[in-house]
Each structure stands twice: as structure tokens, then as C-alpha cells.
Amino acid sequence: NKKESKSTDLPTSYSKALKDAKGQTVTYYGFGGTETQNRWIDDVVTPMMKKKGITVKRVPMDIDDILKKLTTEKEANKKTGNIDVVWINGENFYTAKKLDLLAGPLDSKLIPNMKTYISSNDPDVKRDMGTSIDKLEVPYGNAQLVMIGSKQMFNGDYPTSAEKMMDWAKENPGKLTYVAPPDFTGSAFIRNIIYETVGYDAINKAPATKKGIYKVIKPSLDYLNELKPYLWEQGKTYPKTTAQMDKMFANHQIALDFSYNQMYAATQRSDGKFTDDAHSFVFDKGTVGNYNYLAVPKTSANKAAAVVLINTMLSKEAQTQRLKLKYGAVVPPYSEGKTPQSITDKLDDASNKYGTVPMDTLSKKRIPEISGKKIPIIEDLWKEYVLNAD
Amino acid sequence: MKKSSRLFPFLLFVILVLMPLLVIVMLSVGRNWNYPQLLPRQISLSYFIELLFDNKELLDSLVTSIVLALGTIGLTVIIAYPTAIALGYYDFRGKKLLNILVYLPLIIPSTALLTNMDFVMIKFGLNGSYFGVISVHALFCLPYAIKLLVDNLSLINDRYEIVSRNMGASAIQTFFHITLPLSRSGLQGAVMMTYIVSMTQYLSTLLIGEGNYITLSVRMFPFTQDGKYQIAAIYGVIFMLFTLIPLYLIDFYISHSGRRVIR
Amino acid sequence: MYSLNNISQVKGKHQILDDINLKIDDDSIFAILGPSGGGKTTLLNILARIDIPTSGSFSSDEDQNPKGIMVFQDYRLFPHMTVFKNIAFGLKVNGEKKEDIRVKTNEIMKTMEIVELSKRYPDELSGGQQQRVALARAMVLMPKLLLMDEPFSSLDEGLRIEMLNFVKKLQHEFHLTIIFVTHYKMEAYMLSNKIAVLINGKIMQVDKPRNLELEPVNLSVAKFLGQANFVEGKFASEFTSKVYSGMVKFKGEIADKPNFLYLPYDNSIQLEKSDYLAFYGRISDKIWISKTEVRVTVEVNRVLLQFNLPMNSVEENQSYQFYFVNLPVVY
Amino acid sequence: MYSLNNISQVKGKHQILDDINLKIDDDSIFAILGPSGGGKTTLLNILARIDIPTSGSFSSDEDQNPKGIMVFQDYRLFPHMTVFKNIAFGLKVNGEKKEDIRVKTNEIMKTMEIVELSKRYPDELSGGQQQRVALARAMVLMPKLLLMDEPFSSLDEGLRIEMLNFVKKLQHEFHLTIIFVTHYKMEAYMLSNKIAVLINGKIMQVDKPRNLELEPVNLSVAKFLGQANFVEGKFASEFTSKVYSGMVKFKGEIADKPNFLYLPYDNSIQLEKSDYLAFYGRISDKIWISKTEVRVTVEVNRVLLQFNLPMNSVEENQSYQFYFVNLPVVY
Amino acid sequence: MTKRKILLLLSPFYVFFLLFFVSAIVKSFVTSFGYYPLMGMKNFNLHYYFEAFKMQSFLKIFERTFLFALFSAALACFIGMCLALLFDKRNDNISKSFFKIAQLPVMLPHIFIVLALLQLISQTGLIPSLLLKLGIISKDTNFPLLVNDPFQIGIILTYLWKEIPFVIVSLVLVLRQLDNRYRLVAKNLGASTWQTFWHIYLPLIQPALMNAFIINFSFNFGSYEVPYLLGSQRQELLPVYIYDLYVQGDFSQLPLVMSLNLILSLFAIAFAGLIIFISHHISGGHNGGVK
């Protein structure tokens, strides 16, 4: 078997990787439900790789399934698999690391662009949702929760804090809602409310048990319960997907939308889905932010090409392209001091043009994620004490 | 029965079936379609064109889907036919149990089962292979195929086969000259269901196919999952075209080759 | 020579066939005659190897497992094939040449008078037409052993005789062995000189037509062959009954409780004096059955009996003294 | 009185029934006799309102649209019901009381000798048993008009006669009107005194059995009634043929090209001298058909003819001079 | 002969089934008994089954899901049967086009109708828009909540849209085989249309209908995509519940998930067995083939 004979170790350096990778096909596994992201990989990354003699294959698969797959392979004692690069985050990274599924270290020797654009003491390079990264993954995108409000419905006065939001909701019942967890964005919104009501430190320090967390976030749950009767359908039901919520927002059924993409309002507006009425803002106390990461499974058969792919996706060229609206306008994961000026300019442009939040505001108002282990617990508590209360 | 008394239910049925299809088609080409407008403000084929022509992956995945579906049909029919013959014609010990067994793949929620299937496939060395993928597809098609064939065969009974064998026909000749034509409608149903079930397999294709088989469903599913309506609708329309056209062709071929089905 | 060795068949709790033993000569027509539900179809199914007997075997001198081609009682024409295709089916699956198939099929269709039906489907045929197609379908194969299950039941007299003659001719020309099953004794008599009577799953008698008719071996056979009166009575050295008491030829078993006087319609009584005085009876009814005979109902001591008598020999509502032709039989 | 008025039926391109006109008395048994494919089933289907005629109508004095209950030629027992349920079906859907249904159904099963089959399904019955169930299913309803399509074809002689008698009795007791269809003339003769002969979609003759047999109205009827030799020849004031030439009674149409001498097996020739010299022929075969008669094959001028002659009157391979009983008929 | 023949006929199925399916089930069982070496769990026990039966929420959702699946499958079978009987004739144009159109939903994935329903009957969908235009409702919230609603109406509609045609298609295939010979007999014996249906058609199509019911029931009971998109979060259905547990990524929970899965499966199997048992013992369970 040809695959089996291939080295299962990471290459020793980027230049060696480049050489070894020639002619290889690298598979990129990641969520395939964002057409802008897909387009970026297909239109930008793939041609760049082609020039290096590497073929990229994009497989749309949920990280949950990827993890299941990797686990199964490990259980079945399979030494090499088909997955070369995965898009991974937080809780899933925690699991993957715990199960020893990922190859490392992916240091700056292997990924030169890490050194160029990302400072090694950036907290997001050290920890991913509380899990120490240990050079097992590389950031390749920046995500931060932003609120998108209807200018008309809010009269330009956006609720930039939990209290303001409550007041507005009481005055305008039925006009707010949020996506129900376990949706990623919905879950982030709830964490953000926790930050608003009890603060990041409290939840960050809380023990990762149901009891411990409940004690800490009780005020947050109370807040959500107080808000509940003023939500859409009196909070008896919630939208299931962000898309559903987007549609309700677009139809002015609700006044407020959320996104994990800072530039989301811009892309939607250019798509004709949102009108000029959509305006982005963040809470005064800040919003949850995290990075998207790439990792290489231990079983990858094309580790050299995987390394090259990661470096390419992190490159200035690829990231600059990615700022285009048609590629989803994703903010690069570059560290503050190392971001090229051209990119900063572009982001500020967009903020003027599409009413998105300016880059420096965003980075100032960024609150880190809590431990991935706590997230399902919070979701459970929400279900128990908010959704199914009464 | 009078014609008029059936006209109303007929029209109602037609509307209920076709309206959603129409909505999907409009959704796939409409832009700026917001509440409470009844029709999209703009019609644009740009998405379509982009997906169909700028993106050869769509066509690739279409071909992959069909290639898998054809293999699945073959495998399913090979397994389902004899099983259905046994269930439809004969009484034997354990028949009732088997009757339930054939429905198992539907009954057991596939999400969790699939990882275990993946495990088994890896152990057999079939993961990522064509046969591996169509086997898993076939597993989910078998309940439908067997059911439709059994319904059909149990009404015919084996009396014509007996005649054929008595006249000196081999088992194979009997199958092709007697069983097959007599259960044609059941087979047609079975093929149709198999085709569609195979075409819509998502997770099994991905897990067992190891990314070697990126079908239409694999591409489409994430969008629908995430509620990306318009893209999902476009995929849906393409999907619809490529399920309906071949199936109607089969239907046309079957109902026009030879005589109407027996009484 | 074909042998049926101790064949028994049980279905559910029913013993359908009970230890059947028969020898059937090659190159002959053998008839199995029996009443409805007697087990005829069941037996043929075993000979055609459609069914497996509970015990016993069917073998021949040449072949350990001979297999007959069957004409089914319920026709079983393939519903999706035209008449032509139905008939050609056997030839086709046996790999005959196209041209041969055409010729043979057309030939037999001509004989069966179904040429003009050749393009029809079974459900467009009358009952008798279907039966002829079923016959043709089996016969066109000229099998060494042909099994026919009531092959003429839906045919009218004329066709039936034609078919009978055709079968006879075919057998003669091609030296087939034909086993055929019927409930209609005339058919059996006309086609075969050796007839097995199968009643209630048992072979009761294997004999020539004449012997069968003259001396049925027991009451069931006599009853089945029909066309006779059975007068209940008691036998103890002599016979006593409402109708007749006196000397008889006893063929029953002493153990049998009620005994029966066997009086066939035909040729059992006469008006001319004979050695055997029968009874005095009144003619209560008279129906026409052929150019020479009438069927009369004779009332004797309130019992009604039927006989075939020569045309014009008796008058309705008159009474006559009758005599037996021979010493009557009691079972 | 039921009337069939100008009933015609066309299926595909086939004219199956051609202008049928019949009057059928209430409270009687009417037989329709005809060869296979003659159109009998087609006609009954119309009377049962299962099929609609292309033209014509069926009516009665009391009812504009009378409808008969039918016994189907192919039985059509409901495959999912036991014998009991099959028979009870009609009573049940007509809203009879449970107890009545039980009693009536058991009653008729007893008459039909199928009591012990009551819990079986149709596919567990022999052909004759199925036919009896089909009969019972219709008769238990005691319909005013009962239609029976070859209801006895699968029954053995004994059963057939029992059933015939039962049908007769039933008709008599309950004053039903029964129209029944058969290809078997004896059945028709025994059950009915008024018989319509249906050949090729046309009613050829409506007559008493005797008249039918003695003077078939035309060649088709004569041929159908069978049991006769037809000798081809030419008629022109006298008849000429290989077998016999001379005076005849002419009943054909002059236009008919070949004419046929009608020589029934029974009662057409004798050895005793009569006014009508027939022919000189050699006995080539002799088969036993009843206690008094043999069927002989007579070879005359290379033509083979069949006749029923008294037992022992002729010897095989001998030649004899034969005489006609009456002046022979030519069609 | 027959025994060997049946064995021969069934062997492809058994081989295939054992290799690919039973082995996977066995693996599930092994895991559900708490043997999951990857997470360092190596003891066989019934712990997770006991735990499952102690989970109040699980039992409640189980009951709800069962009733829901039963109801929607039965409804689909009922409506499908009525329509199939109404349009079963082979040689008339309405029936022909009906059958063609009935095949459409069978050939399209569930997700298709989910999309369409979201467009049509969500509170800002096309139907509320239409009603608004017509002045029947005055604002969107007047329109009842039909997706993600507590009565699972959205899911039921989706299932009906897919399953009624499935029932129709499978019954029409059977009805065509039946022809109308038995109908004619029944009618001739004096049965009304209703009686003919009840005593003749229903028993004869009953096995096919029961099979369709089992398929629909199993699907409704076990599939998660549709309830995931259209279900109410509060009136959760079992497949979603298990799916959520499953994707939470906590691998130490896997044995529990597997045991829930197997409990659900065993129950559904028992239920299907019951249906088949009933089907065999009511009218129509025996038919020696239709002549």
C-alpha cells in the first residue's frame, strides 16, 4: 500500500515541505456551508497552491463529524487517513488534543507566515478557549461577535449594553430574539450576556461543573428570563439557524441580528439581502472573540502539502483577497502590530461604507473565550433554566 | 365514480405538491425577496450560472452522485430481489423476524450508527472505496426496495415461476422471462427509491467515502443545514432536474416497453 | 416404465395422498380418474416435481428423477405474454432456433384452432381458449412424459373429442408417455385403456374401463362412477331393503353397517322376465336423454330410483313389474 | 320475464356478440349452450352488469335494470377470506344478522359438502372445491336472478348430478330465475327445458333438448352438438359423396359450396334392412362405451366414420352392409 | 428443495447484512455496555442503560416522539390510502397524471420541502404575505406559528408531503396488480362501494399499507434532519436530543448515547414487530396470491 509507506511525520522545515509536497493532493476538511469561504478556497487558495504544484481538495464536513471520523480511525488503528488539514476550534480542539489526534509542532519554522504576521505572545496563539494550543493548530481567521441593528427600528440608538437591550425590549415587545444554542452564534450571544451581567473573570474562574457554573451565571439566566416575555413569540420558541434569523431581520420582523463575522452586515448588504438599514455595533463592554484555526491530523498522509496549505492560507495575499465581500470579508488573524497597513486600510474603508465596526474598536472591545468545556454546560443550563423554565 | 368528484381532490393535491416546488424554483432565481412581497423584486440567474459553469465541481459532483446511485441500484437490486422473492412467495421459519430485520437500517438512527459502520469499513479496508460507499448506501435503500418488491411479488405468488421451471426454463431464464416482467412495477418503485435514497445520502457518503466521493448532497447539505436558502434552493433545483429526468425516462421506458402490467 | 413408490402427501393436518403405488408403461396413456378433492392435482404436482411428497418416490427405468411437463388445471398462462409467446416459451428456454420455434408454434396453434388468437393476451381469451393455449404450450414441447390436469374441462364436446384424438395421435406418433387426470370418466375411457381410480387419496382400483364399469371394486368406486342407484339395506346371508329383498352377489365387507344395493341406471333392470325378479314400480317421471333411451324415475315403495330404458318401453304414471338383468350386487 | 334486446358487444375489433334477442321466463331455468369462445361469458357479464354492451339492453317486467348474481367461470374467490367468509360475504354486505348468516352459510356448506373446508383459504382447495365454494357464495343469497357460468365444469359426475339436482330443487322451492351457461350439452339438457345455442356470438336456435338433438337448425349447431360424422359431398337434387350418394333430406342453403351429410353416432345406421341403403364398410376399431353399446369405427371407401352400435352386433375387421334408420340429413 | 432454495435466496441479504450492518450494531452494543478503550473505559456493564432509564427528560421525550411518529405515520397512511383508492384506475387520464405527480415528492429529498415550508408558512412567509395582502390578517404575528411550533406542525407537514406520496406510490403499484376483478365480484354480490373497500380492498392492500406504515414510522421516529430544522426547541424530539448529545463532542458520553440509541431502536423494532404480527393476523394476512 502506497499510502502506508509514506512518512507520517511532519516535515522538518518549510522549504523541505515545499519540495516534498510537489505533486501531492492535499485535502482540506471544513464546514462547507459558507459559500464565501468555499469560494475563497476555490478561487484564491487553490490557484496559489497549484502554482506550487499542489492540488487542493475541499471536503465539506462538519468538525463534529471530522472528529468522529478521526476518532474512529484511531480506534480502528488506522495509521494513515484522508484528512490533511482541518478547520477546528475550541471545544473540538480540546477533544482532539485530549485524544491525541493532532500532529505537531506547527511552529514558525514550518509556517513562516506565523512569524511574519502573528506575535508569539498573542493570547489567541497560546490558548484556544482555555485550552493550551501547544503548537497543534494555527490561526487563520478572526471572528468576533457583532450586533447588527436596524437603524430605523432603533432610531439610530443602538442598545450597546444588556440593560439598554432590556429597556428597549420592554418598550418594543416581540422585536428581539436570538438563535437557540447549540447554534454557534446563539451560544456566543449567551456567553456575551454572561460577560455583560457577571463579567468574564467570574465565569472564567468558575469550576467546569454544572453546579459551579450555575452558581456563577444565575444572574445571567435571570436576565434572560426577564427578557424572555419580551422576545419574539414571548420566548416560547427561537430561530433555529442564523439564516432564519437573518431572514427575520431582513423582513424587519426583528430589530437585531448577530453574527460571528465582523463584516457580516457588509456582505449581506452587498448581496442585496440586507438594506442600508442594517448597522453593526458591539457592546460597550465588548463582545466575544475567537480565532479559527487549522490543524493537521496525525494520520494525514500528505503532511508536507498540509503545511504548505496552512502557510498559504495565512499569507498576506490570501488574507487580503479574503477581505473582499465575495469571499466573506473575514478579518485576518494577524496580531495588532504586525498587520500590514494595506489590510488595515481596507477594513476601515468597509466600516465607513457598510456601517461595520472599525477595526480598532473591534480589537479594543474583544473579550476572549472561556474554556471549551464550559460551553456545553452553559448551553444545558440555558435549556433547563431559560428555555424550559415555567 | 364521477369525474367531477375526483377533480377537486386532484387539483388540491396538484397544488399542494407543486407549490413548494415552484417556491424553490423562485427562491433559486429570486433576489431581494423580502416580506411581505409575494414575488421577488429581481430575477437573476447569476448564481445559477456561476454554480453551473464557473464551478466544474458541481458537474463533477453530479457525475459522482449518479455513478454512486447506479452502483447502489445494482447492489440493492441484487440483494433485494432474492430476499423479496423469499418473503413474497414462501413461508419459512423466521420469516416474521426477517420482515423486521429488513427495516432495521431505517429504524436505527443513522447518525450514531454510521461511525460504527465507518469502523467496520475501516476494518474491512473498504473505506474510501466505491464498493464501501455503495454498500452503505444500499443498506439504507434495502428497506424501501424490499418493501416495494415484496408488496408486488406477494400478490403474484410463485405459480407462474412453477410453470416456467416445469417447462424446462432455468432459474435465470425464469427470472428474466417471468419474475422480472411480472414484478416490473415493483422493481420500478424499488429502483426509484434506491436512486433517490442514494442521491440524498450525506453523512454516509462523507464518512465512508473519505472525501473521495463529493456528491451533490455532500455539497448541498451544509447549506441547507445552515439554512442558506438560496444556495440550497439552487442545489435543490439542480438536484430535482437530475433526479426527475432520469427517473421519468426510466418510467417512460418501462411503461412503453411491452404491454401494460398484468392484472 | 415409470414407478410411483409409496407416495404419501400430508399438508397441514390433512393426509392428501396415502401410499400411492403405480406402474405406468412407457409409450402409453395412463388415466387417473377421481372425484373432486381426491388428490389428483396433488399427485400430478409430485410427478412434475413441483411438490415434494412427504414420503415415497417417483422414478423410471431410465431416469432416477423423471420430470413431467404439466398442463395446469388452472391454465396459468403467463399474463404478460401473448398466446404465441406463451406457447413458444418452452421452446425458447430450451434453446430452439427462432425459425423452428415459429414453425412448431404455428403448427400446434393450427391444430388447436387458435391461430387467430396468436396476438392476444390471456385475459382476452375465453375460458376454453385459455385451456387450449395451456395444452398447446405443454404439447409443443413433445415431452417424454406429459402430465395433464383436467385438460379438457372447459372445452365443448366437439373440441374435446378433437383434442382427445389429437392427443391420442400425438402419443402414437411420438411415443410419449402421458399421465392424465380427470374427473370425467368418459374422457378417461376414451383416452386410455388403463385407468387408476383415486378417491380420498387412495388408489382404489386400476383397471380397464369395462371392468371398472361392470365391477367397481368397492362402494366408493361404484358411487363415484355414478349413474347408479344405491339402495340402503342389510345383508346377512340375504339382502333386505325397502326396494328389494332376496339373493344378491355380496362384495362388501361384513363389518359394514348399512349395506347398499348397487343398481346402475344402465342395463340393470328390464321388463322382460328373467331369473331375477326385481320389484314392482310406478314410472313417475321420464326425461329424454338420447335417441334410443329415456331416463325414467321409478317409484318403489316410496323410494325413487332412476334407470335408462329404451324409448317408448314405458309410460308415465303406469306401474310395471321389473326384472334384474343379472344377479344384483351389494356392497 | 327478462328480455335481452338487441345486445351486441364489440371488444377491440372483435364482434363478440351480435344482436342477441332472448326472452327468459321468470321462475325457470334457462340454459345457454355454446362452444368455447362463443361469447357465453361475455353475455353473462352483461346480464350481471359487470360489462356494458356496445348496444342493446337487458330489462325485465318488474325492473328496468335487473341484475343477476353471478357464479364466475374462474371462481374468483376472495383470496384473503376463508371458505366460510367467502360464502358469508354476500349476506354480510346485505346486512343480514350474524346468526342468520351463520345458519345459512352452514346450511349451504352442508349441501355442497364443503363443511370441513370452512376454515381453509382458497389456495388450499382443489379445483372442484373452489368451484363449489363459488357456487355456494352466489346461491346462499337466493337471488331473484342467478347467473351461472359453467358452474359444474370442475365437478365429477357424482357431484355434478347432486349439484344439478340441488339447483333444480332450489329453483323450484324459491322460484328463482336461473340463467346458466355451459358447453356441455348433457348438463343443459338435464337442467333446462329451454336451451339457447350461442355460436360465434349469435343465437342459432332456442329449443327443447329433443328438438335440438334431432333437428339441429344448421350445420354449426349440428357440428357443435357433436357425436356425429360429417361427410363432405355435393348436393344438387341428390347428394354425392365418397361414402354415400343418393336421396337425402336437404336442410342447408343451396349457396353453400361443400355440403355435409350429417350422420350422428347414435341411431343413424343399423344392420337390419331398412328403406334406406347406406354403405358397405369394414369395422376397423371397437371401443367399449357403456354396458349396451360399443363405439365402432367403420371404414367406408377409405373414410373413417364412427357409430354407436349395440354390444356384440359387429366384429372387428369384418365388413357389413349398413342401412340408415331414417332418411339422412344434409346441410 | 425449498429449504435450500430459500436459504439461497436469502443468503445475499444475510451476508451483506451481517458484514456491514450487524457488525456495526454489535459495535454499538459493545460501546453501550461501557467498553470504550479509547477513553480508557474497559468494563462491561449495564450502567448506561440504567442511567438512561433514570433520565426523566429522556423518557418524556421518548413518549412524545413515539406519539408524534405514530400520529404522523398513521395520518400519512390514511390520507395516502384514500388518494390511492380514488386514483387507482389505470386507464384514465386524471389517474395517470395523478400518479406521475404523486411520484414527484417521493423523488425529492426532505430538505427540499423544509426549505419550501420555511418560505411558505413561517410568519414572514409567502402565505402570511398573501393573507396580509388579502387583508385577512393585519400583521405577521397574527399568523399562527407553524414552524418550530410546539405542536410540530412544520415537521408533520414535511413528513406528510413526503410520505403521503410514498404511500400512494406503493399502494397504486399494488392496486394495479389487483385490477378490478374482485371489486366486480363484490359489487355483483351486492356490496356497496364502502363495503367493497372495507372487505376487499383494505384487506388486500393491508400488508402493503402496514409495511408503508412501518417505514414511515421508523423514519419519523429516528431521523433528525427535519426536526432539527423545524422542531420546537422546547418540545424536543428524540432524534434531535440524541444528536445534540452526540455532537457535543464529549466522547466519554458516547456509551450513553449508544445505549439511548439502542433503546430507541429496540423499542422501534418491537413496535414494528407488533405491527407485522397484527398484519398477519387480521384479514388479508393470508392471501395465496391474487389470481
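Labels for the chains are A, B, C, D and E, by order of writing; each one numbers its residues from 1.
Heads up, the rule we're going with is that contacts are C-beta pairs under 8 Å (C-beta built on N, C-alpha and C of every residue); 3 or more make two chains touch, one makes a residue touch a chain.
Small disclaimer: the values here were computed from a predicted structure and weren't measured.
Think of each touching pair as a link: the shortest run of links from subunit A to subunit C has 2 of them. Remark: among chain pairs A-B and A-E, A-B carries the greater number of C-beta contacts.
Annotation: 56 Å between the Cα-based centres of subunit B and subunit D.
In terms of their C-alpha centroids, the spacing between subunit A and subunit D amounts to 91 Å.
With touch defined as above, residues shared between interfaces to two or more other chains in subunit D number as follows: 74, 123-124. Each of the following residues of subunit A touches two or more other chains: 62, 71, 75, 240-241, 244, 247, 251, 253.
Residue positions of subunit E with contacts to 2 or more other chains are 2, 118, 124, 140, 181, 204, 229, 246, 287-291.
Interface of subunit B with subunit C (complex): residues 159-160, 162-170, 173, 177-178, 181-182, 258-259, 261-263.
Of all residues in subunit E, those touching subunit B in their complex are 2-3, 6, 8-13, 16-17, 19-21, 23-25, 27-28, 31, 83, 86-87, 90, 94, 98, 100-120, 124-126, 128-130, 132-133, 140, 161, 165, 169-170, 173-174, 176-179, 181, 204, 207-208, 211-212, 214-215, 218-219, 221-225, 229, 239, 242-243, 246, 257-258, 261, 264-265, 268-269, 272-273, 276-277, 280, 287-290. Within the complex, the subunit B residues that touch subunit A are 31-32, 34-36, 42, 55, 57, 115, 118-119, 122-123, 128, 203, 206-207, 210-212, 214, 218-219, 221-223, 225-229, 231.
Those residues of subunit D whose C-beta lies close enough to touch subunit E in the complex are 48-50, 67, 69-70, 72, 74, 76, 78-81, 89-90, 92-94, 121-124, 137-138, 141.
The touching residues of subunit E, when paired with subunit D in their complex, are 181-182, 184-192, 195, 199-200, 203-204, 283-291.
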